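Next up: some structures, all given as structure tokens.
Paired with subunit B in one complex and with subunit C in the other, subunit A is shared by the two complexes that follow.
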Partner chain A sequence: MNGSAALRRDPAVAATALVLWLLLALFVVYPMAMLLARVFVDKGGVTFAGVFGVLTDRHQIRAFWNSLLLGALVGLGGTIVGFVFAFTATRARLPRGLLTAIDAAVLLPLVSPPFTTAIAMIFSFGPRGLITYELLGLKGVTVYGLASTLSSEILTYFPIAYLTLRPLLAAIDSNVEGMALSLGASRWRVFRTVTLPLCVPGIANAFLLLFAASLADFATPLILAGNQFPVLPTQAYLQITGLFDLRGGAALSLVLLVPSLAVFLLQRYWVSRRYYVTVTGKGAGQTPFDSVSPGMRAALLAFCALVAASILYFYALLLYASLVAALGANHAFTLAHYRVIFTEGLKVIRDTLIIAGLAMPLGGLYGILVGYLVTRKQFLGRRTMEIVSMVNYALPGTIVGIAYLIAFNEPPIELAGTALVIIACYVFRYGPTGIRTTVALLQQIDKSLEEASQGLGAGSGTTFRRVTLPLIMPAFFAGLGVVFIRSMTAISATIFLVSISWSLITVKILENMTELSLGPAAAYSVLVVVIVFAVIALIGRLLRAFRAPGQVQVASMLGG
Partner chain B sequence: MDGETIGVHVDGVSKRFAHRVKGEVYAARDVRLDVKPGEFLTLLGPSGCGKTTTLRMIAGFEVPDEGRIRFGGQDVTAMPANRRGIGFVFQNYALFPHLPVADNVAYGLEVRRVPAAEAAQRVAEVLRLVGLTGYEHQFPSQLSGGEQQRVALARAIVIRPRVLLFDEPLSNLDAKLRVQMRTEIRDLQRRLAITTIYVTHDQEEAMAVSDRIAVMSQGRVVQEGTAQDLYRRPANEFVATFVGRVNLLPGRVVALNGGVASVEVLGTTVRVREVPTGIANGDAVRVVARPEAIEVVPAADGAIAATVVAHAFLGEKIDYDLRVGESRISAVRYNAGDVMPDGTGVGLRFAEDALALLPGAKS
Partner chain C sequence: MRTLRWLSAVALSAFALAANAQNTVNVYSIWPENWARPMFEEFEKATGVKVNFVRFSSGEALARVTAEKNNPRVDVLFGGPVETFAAGMSEGLFEPYKSPSFSKLPPRFRDADGQWIAIADDPLVFMTNDKFLKENNLKAPASWSDLLAAPYKNMLQMADARTSGTAVTRIFSVLEVNGRDENKAFDYMKKLRPNVQLYTKSGGGGTLPVGLGQAGGGIFFIVDALDTKAKGYDVTISFPKEGIGTAAEGIALIKGAKNPELGKKLIDWATSPAMQNHFAKYKINFVPAHPDVQLEPSLAAVLKGANIFPIDAAYAGANRKRIVDRWVAEVLNP
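So, the complex of A and B:
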């Protein structure tokens, strides 16, 4: 079917596609073009001076290698922890209660502001930390550097590996493992020669996701890495906010683009083709056999319990810090910090809720519209739209933030300082999870369902409303959820976009951390976690109401 | 092949499961089986009858709650699957998707530390046996269902198992291939003389491959015997209806002489030689009449008057659905000239040699 014929057949589709294209041009293509122009164009001519400046600055080169090192280590550590959790959850025959406990512990870091563990880390191991100072009596220890950044990022990001690997492990036909066992292999041999090789693509994928997450992570290194361990995103931020060097910051963020893009391409064109196991969402269904010996089961459980306990400890500590006068100095109970955030800080809470509240429905709608159009309709530039829509999602937040800053700070499109620019940033950066979910759901729903509806005499509008829409409602709510959660917790892009008139809680937490007002920072963090959990519970309820068999699980959408 | 040939003895084995609605249910209940060395035994039954659970306990994938399982003289009840020396063929083949055909087949040999040269030779030999020479480097996803089935078979027999176990191995194949593969499995088993236990819900398949069949229902073995035994002398209504098609006609024993019963049925009297123990003169019984035991003849020639309700012309035979009074009867005619159209009045005759008896219905 060619474009004009499609247009004549379905003007509504053409109009929607046109509007979406305009928005994508404005909020994805234009900022990226402006970013590139800022770096590579000077006085009307092409220049590589900006990038060259970065590439020859020894400090920045160190930051580049540090970023790669940190990313690789986080990828490695987080994948191992995530795999152990996924293996335990799928193979250790846990009672339901324990499984739920594991899921809850894993969910916690996923829905918190990305630097929550970093803050708790300082509370524990900082100069006046609960463990280093109070418990061990150590003085003059420094928490800042690679070790703390690494462990904090592993704890924050291993849930992504868990969510990637768990469905894969669950989808491995237990008969295949049983077969290896019946051929005489020991449990360890079954694991080594069957289970593990079947997971290799998932493991590679988890590693790449974690590598990318760490590469893009801005807040954790800002708080924990210190001067001795500079990384690219923080360097770009400091270049802009500290030295007011927009071109230098833009160039630095572009250097970050290279490894990010490499990871994205590897994932898409290499890893995704190497899956042996199809994850359908339902388990293989047979009775599993005893694939884990009692001793191993105990060891796995002990490991998971240890990790879960440290997560819970960090969050308990955060809560505690928000309720005492000054952690490490005065442990008298007080609500003063909450009083502060609900009086002086009320505006920023209101701002954040308004922005998240507006971004949420827009992002959800954007997700299902693009997802539906690119999977079910034929129109001009369909494939391109699918790719362009993923750009802001795939890029590190620092790049997106700097691109928006450059693009919307001056005419012709001056949006700096408005809520709109922050909302747009969230919608186009986190809406794509809704797109992916919609696409995944629609691919599971046979086209014949829609054809059956048309065959019964329904028009395309009625078919969409009565058949397709109810089936993709879960994707809508999942998209809503992700956009809301990220709007409450993200910082890497939007830190460049906040202003006096519109600010965000996450930025406020960071300010408090740098001003060493740890109490209010803890109180804000607790507030965010509580709000996010409330919204997740609500969306979970809505999702259950719309649950269709064989659909994609929500949890897996929080990983992005 | 040189594996020792042993018998398998399942002695009063039970397995319970927790069921969400029904509470504790028995998947298998006091199952007793004696499989002779080299014998081909089939567990036959509808889904949920406990046949697969029983097989998985014999394989060692499940541990029975009660009872013992012995391989030859050796008690293997608590022995893990990897030490039992079994070959297992799964319904979905369970091929290792990340290994090519040769490595799939060689897996069990590697585990047993068979020297590489010997392993390669044995793999080549078994692949020739199942007709897959030349497929060594293909991956399972590149094979058709029938080829995958052969790889699964080769992988199971290359280790020279003491016992070969099949769990509905043909149910994922199309009808023609199913018939072909069951013949191949049967031939291979005869040639290798490996004690074999085979699970299926398809009674025709069971009859085609087995030396002996154990029919299971609701976790129990309800009858054990050759295909002929089950078909000719079903022990109860379940077996009579599950194995083949059947007419169960209510009647009454009017005389009993020297093991031959005269039974009044459909207004006529037939002589039945297969009389189960415990049936006395005057008892209400059901006559087990297979469709081919009922001859459809012109109205004048039959003892029983019937009407054709429906028919199906199937080439070598014609199936008839008939009405006698209030009763419906299935009959079949082979080599049977022209179709008698629906509504035709016909006569029926019993082939007395092919009849059996069951006790009367309880209600």
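So, the complex of A and C:
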């Protein structure tokens, strides 16, 4: 169809596309352009001094390689743990209760601020750690460094791998494995030559998602990496908040752009095209069979139980810390920390809820509008819109936050200090999950439904509202959920955007943690987990009300 | 569309909430929230003026005020070591203002033009974990060189000079102890480096690890150290015989402040006994700057006999950036 002809015919589409383009220009293109300008333009001329300065400073180079190393190890370790969990959940024939328990434990790191395990790590492993010293009697253990940062990030991010791999493993027709088994292959051989190869795209995908998550995380290394293992996102953060060297921080963050874009493109255009379909025709009843031996089953269960137990241990420690006067010195029960957060912290809790509450519907709406337009409508710059809308999602939060700070700190568009800048950051950074879900859903819905509506004389607006919208409601709620969860828990971008008028709970938690004022930090974290769990439960209920192909949605809601 | 209109109404009311700035003074506080908040609440009780504040460590606060120079978002910078204010002066961030207490303060507690005035004094101390000392048969460190001893290897925590004023005051203490011989001072800091387990983002960041024994000791402001002790952790506070620096804690009016009169009201109050008499009540162990305020007896007992010298604000302010840069290059990332 000719683009401009379509535009003439459909003013509603044209208007919506125009508004979306304006918003994308303002909140995606403009900040990135300003970031690049800050790094590459100086006194009217082009300069490479900023980036060159980073690339020739051996400490920053070390930080760069450290970031990549950490990302790769987190990707590797997290994918392995996630795969074992997914394999156990789908193959070990667990009783329902146990499965729910595993799911609940896995969910915890996803719905709490990303550095919550870091602080529990410090208390558990160190010269006087609860585990290393009190339990094992080890002395002279150092907690700061690669090992602890790595374990903390793996525990935090492996659930992403689990949620990516589980549906995939569940979708593999068990008859395929059963046939191999009955043809005389050993269980190990079946796993190695049938199950694993079918999972390769999912494994690659999980690895890349985890790699990206680690590359964006500055808070965990800030608390755990110490001075021996500097990483780039943390360096950029310190450069900006400590020295307010915007150019230096921008240059540092820009160096991260290359690996993160590479990862994103790989994930989006290579891995996502490589999914194998194992649907072998309907009605071929699934023959239950034992794809793992009893011994293996016990080993898998033990592993999962161990990981789940350590997650639960860390969060129990956090809960405990929120309820005692001073962890390690005075273990008298007290609600004082909760009193503090509900009096002194009330403003920040209110701020966060207002921001998350506003970002949630806007992000959900943004997701389905863009998703709908790019799959169903023809208009100028359709493909470009799809790509531009993914930019803030693909880049590490540190880059996005710094770009917003540079772009909106001074005229012509001065938004620093407002709630709007934080809301916009969340909508355009986490809304894309809703876009992806909408696109995926729409691809399953036959276009003829909408054509019928339009053929009967309804305008595209009416058709969208009356026909398409009800069909893509699940995507709306999924997008909504992600934006809400991230608005409650994310920190890497928005720490640069908080101000005297608007602050966020996560920033407060991080401040309290770096001050090691553990009680209030723990109490805030517990509050966030409770709120997010409540909202997820609510959204889950709404999803079911819309009779959605629910499971997949909930998973994708959390995975992004 | 109706949904959109509803949303925008909610959005507008949310922004309106933030804008009720009638009788409110905006403040960046470098003092941690648990000390700043009771002070500001007392201020509101006394004057009816509300204080809207966020807390940043001194490097962050200075960076923010500098970045917002053309369009200040706050009226007052509250607390934080004097070298932070000296650095801010050189950026032209402050509006001179002499509160009624100005003339009563000794010269080291005020800038001659009134660009900043001290509200408290805060000496640095060595703080060590009792159990750590006992296990290693050590006495509490009584000299800078004691911290170089082998048992301290990888067991000290202190602040990072990129973000923390505590760290900058510590570095200038080392400079003074070495007669401002920079090479000698940096030699010492480089020798100390292997003993430092972690440089923390904020000045008090290492107190809890020392309290718990995760670290053996560190260098902190007395107010943080005594707070750790008060929470019930077994730590010892000691002073080096060569002397250690003390930094006046300042307050300043921001140039171009939107509510200068309210800002001045806060400065009048904070620099007078009206605020500083409350330190003891809230167990805030700052040394009062105003001569009319009595030093709390238990704090006086801790300080008895300690060799404490003031950090020269002019020298520190003029050399801050260069020294911090050198520290990052030579000590932090050797």
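In this section, the second predicted complex is superposed on the first by the 519 of 560 C-alpha atoms of A that agree within 3 Å, B and C clash if a C-alpha of one lies under 4 Å from a C-alpha of the other, contacts with A are read in each partner's own complex, and residues count from 1 in each chain.
Convention: a residue touches a chain if its C-beta (ideal position, glycine included) is under 8 Å from a C-beta of that chain, and two chains touch if they have at least 3 such contacts.
What you are looking at is a predicted structure, and each value in this text was computed from that prediction instead of being measured.
Room for both subunit B and subunit C is found when the two structures are superposed via subunit A, with no clash between them.
Touch criterion met: A:D173 reaches subunit B, while subunit C stays clear of it.
In the superposed model, A:L362 makes contact with subunit C only, not with subunit B. When the two complexes are overlaid on their common chain A, residue A:E344 makes contact with subunit C while staying clear of subunit B. Of the two partners subunit B and subunit C, it is C that touches the larger number of subunit A residues. Of the two partner chains placed around the shared chain by superposition, subunit C is the only one that A:I500 touches, whereas subunit B remains out of contact. Subunit B and subunit C, viewed from the C-alpha centre of subunit A in the overlaid structures, lie at an angle of 160 degrees when rounded to the nearest 10. Of the two partner chains, subunit B is the only one that A:R189 touches; subunit C does not reach it. Of the two partner chains, subunit B is the only one that A:L181 touches; subunit C does not reach it.
Contact with subunit C, but none with subunit B, is seen for A:S517 once the two complexes are overlaid on the shared chain. Within the superposed three-chain model, A:P197 lies in touch with subunit B and out of touch with subunit C [touch as defined at top]. Superposing the two structures on chain A brings subunit B to within 43 Å of subunit C, judged by their nearest Cα atoms. Those residues of subunit A lying in contact with subunit C across their complex are 59, 122-123, 126-129, 140, 142-144, 222, 226-227, 230, 238, 240-244, 246, 325-330, 344, 354, 358, 361-362, 365, 409-410, 414, 417-420, 498-503, 511, 514-518.
Touching subunit A in their complex are the following residues of subunit C: 3, 7, 10-11, 14-15, 17-18, 26, 28, 32-34, 37, 52-55, 59-60, 62-64, 66-67, 70-71, 73-74, 154-155, 160, 162-163, 196-202, 204-209, 211-216, 231-234, 332-333.
Partner subunit A is touched in their complex by these residues of subunit B: 56, 59-62, 80-88, 90, 92, 94-98, 107-108, 111-112, 141, 155, 159. Interface of subunit A with subunit B (complex): residues 173, 175-176, 178-186, 189, 193-194, 197-198, 200, 276-277, 287, 289-290.
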